[in-house]
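After this come two complexes, each holding chain A, first together with chain B and then together with chain C.
Up next is the complex of A and B:
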């Protein structure tokens, strides 16, 4: 069993009202001025049966695309094995 | 779409020199189809826009129509087709945001939203994703700003599988004395309030003025709505208008700052001086040409006098809204834009707001004559099967899957709720306890794709009937014309025919078309699919006493059921042909304005006199479907003799399923049947006593012969679950 994480955020130039609101109305107003910006997003954790870590990541990548769990025009998506940045 | 060579030389002539970069961007935005109506203006002049109650007609961000002496209803429709095709969730929600802000510009309080959605087949996985995104987008935005989505229509067709049409409308109300109808003057200040200006949506209108291509460069036009700021705008502007510290408001929609400033200055023969540095922007490194055409959402332009400014600022600060005083109006008739002290654009305001009118060639498409000719209609072999197919058609079946996602009651005004009446009925608590309005939206893409003139005229007719059915008197409509690429003669033809259809029917019904919108380039090049053109109509009616408003569910066993209007063999383009025979052709039912007027006044009388117990207009699927819906909603049966249907030249299947316009089914209280028939006789209205409400099955007979018998529970199950089953799988 492999754990695969999916992180979906709006692309750089697409606005993020949630992140902007947290940043402006919470962080900055409460004086945490070292924070330069916030982006919000969606996090999904998949428990996948697979022969290899790589295959598990690929499997999740494909299903996220095909099922339109994110919109490739609007979102950046990062799919990675849990706890490490790659399977190696 | 970039400017044409002709347009560029016209700009050179206007300026007497090469345009600066900022000027080029301004012209491209303002002269885009979306902002300038250059391909539609000529034809839109055909529409009847005046009426005794019309206070503000087309031209401003929204029109206003007088109701109940001291109030105005402000309502408008808009499409967000391109953005919804690219990003259904954000595209649809920003459509809602935009139309709400249009209503705010006249100082009105938004009280209701309508959505008119043309979506793909639910069993197509891509279309399914679009459907969910669009509905969720409208739902989330509407719920968060606290404006109920009360009515609309939803249509499913394969031509919308990759490219949906999303039309949204908003209705607002304002006391006449507070209606914002002032004239801005030289010396007044320009204030931008709301969201910061970002790179998002740079030249979005230009993007919406060409066919959609399959590439990720559409990114610039992806906009994310921020309903929290929108809600603050609604409350703050309401407050500022009541305190009298606002002179004039304009939405920053398509074309952004450029369009807002150019339209105000052109309309009132003024000039403007704008310093872009004063504007609150999202990114510090934004270039002036980006700032001037950015279409960032939730921004509005306020014109105020120097004396009023302090009052305005204190309101905006109270609501914690960002604002910038960016310049002022003057009498120069020239727009001067400065950036960091440097003059970056200097454009005559009237010229910027006046693009070259485009009159494209018109050609009747080849398929038109074959599609719209009279058909020899095949025979239905099993009427019950046909009825089941019709009521489980996603176009007919209950739209609960859609409207259950909406908050349709917030504001406690909604008297007749979705699913229970032909139109939504809203209490106008501002006026008094029992005054109200009815609102409804309609369109039939099958009709308009076969015969755009009749289809558009029938949309006006159906909207009229829906408003009458609930007991209101229709007072005004707005229209949205969704068409293809105007540069293609056979596509432009659909647009011209649709305008003519709306214009003719509205004139005949004596209902002004007080505003509207045109959306061209609704084509999906990547999939080479045809997107069916459609005209949507949103109408408003007034109800003096909402206690008399009517729903469509049958009420009492033993009551009589009347059919109002003559039925003709008009199955062409109808739901029966499509669902039962897979035919999308034939002669579209004839629009019948004089019949609409006569039958409408009869139905209104039945309601006024208290004779009616329920009312439903006859549309998709004919009398059989109308009556079945009344049975399903009332959990009653009905016993019908089709021999009593007033008709000419009809066979059995026509009596059941013909979509002849101008007809109603009315449940009449048992004891007043004769009185109801007398009124019909006096008015010269054709009425038939169709049958009696029962506690049993739905039974259609012709004389002594059974035609169709069905169990209401079985039909109920099919009607209520068909759509959610097909979407949820």
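Up next is the complex of A and C:
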């Protein structure tokens, strides 16, 4: 069993009111001024039966695209093996 | 009217179709829908699947939407209102996307909108630059599209853009006007009893257009 993470955020040029509000009304207001910005998003964790880590990631990438788990018009998506940036 | 789990404006639309413009209308549960049986299809407002994943995203991948796509290619008029509009964009039947209002708030208020390039069964009786009043009630109504719409019919917020929609877009239709999506609710603006002071029953033009179009063509 492999765990694959999917992180969906608005594209850079699409405003993110939730992230802006957390940044402005919580982080900055309470003095954590080293934070330069926040983007909020959606996180999904898939438990996938697969022969390899790479195959599991590819499987989730495909289903995210075909089932439109993210909306390519407005979202960026990152699909990765859990807890690491690559399967290697 | 196609009803998904979480659809809640279906009976409002049925009421108006039956009692205001005298059309035969019924609510059909999404699993029981057969596309070839209907002269027009409405996807009403609400919160299909609780807006989980994204407003309209799960309903847009259901099998009934394949039937709706077939019906649209056979010339059946299709209208999506509010969550129905979100479903139509998520399904790719209409361009663009609807995302969280720029204020981050759910908005429930009457607005003025302007019709541009009216065409097709839903806007047959409207004229260019016609101003109509309808209420909005949504959290995810900010319309996003890469460039200004040049050809297809659009409905634009007039005077005040409540949610940050690009190009003030409140509704959009396919080029021929057959498939239309609206964030404002025409079914809540079709009887004088429901219209507050300073506004008029702007949704009527949509329902009267449909009734006329189904009898005379468009």
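The working rule: the second predicted complex is superposed on the first by the 88 of 88 C-alpha atoms of A that agree within 3 Å, B and C clash if a C-alpha of one lies under 4 Å from a C-alpha of the other, contacts with A are read in each partner's own complex, and residues count from 1 in each chain.
In the analysis below, a contact is a pair of C-beta atoms (placed from the backbone, for glycine too) under 8 Å apart; a residue touches a chain by one contact, two chains touch by 3 or more.
Everything numeric here is computed off the predicted structure, so don't read it as measured data.
**Student:** Thinking of the overlay built on chain A, is A:71 touched by chain B (first), by chain C (second), by both, or by neither?
**Tutor:** After superposing on A, A:71 lies in contact with both chain B and chain C.
**Student:** Give one of first, second, both or neither to describe whether A:21 is in contact with chain B, with chain C, with both, or with none.
**Tutor:** Both: A:21 reaches chain B and chain C.
**Student:** Under the stated touch criterion, which partner chain does A:47 make contact with: chain B (first), chain C (second), both, or neither?
**Tutor:** Neither: A:47 stays clear of chain B and chain C.
**Student:** Where on chain A do the contacts from chain B and from chain C line up?
**Tutor:** 10, 14-15, 17, 21, 68, 71, 73-74
**Student:** Flag every residue of chain A that touches chain B in the complex, lowest number first.
**Tutor:** Listed in rising order, the residues are 10-11, 13-17, 20-21, 68, 71-74.
**Student:** Hey, which residues of chain C end up touching chain A in the complex?
**Tutor:** For chain C paired with chain A, touching residues are 53-54, 57, 60-61, 90, 96-97, 99-104, 144-146, 164.
**Student:** What residues of chain A sit close enough to touch chain C in their complex?
**Tutor:** 10, 14-15, 17-18, 21, 42, 67-69, 71, 73-74
**Student:** Report the residues of chain B in contact with chain A in the complex, numbered from low to high.
**Tutor:** Residues 86-87, 89-90, 126, 129, 133, 198-200, 216, 218-220, 222-226, 228-229, 282, 296 of chain B touch chain A in their complex.
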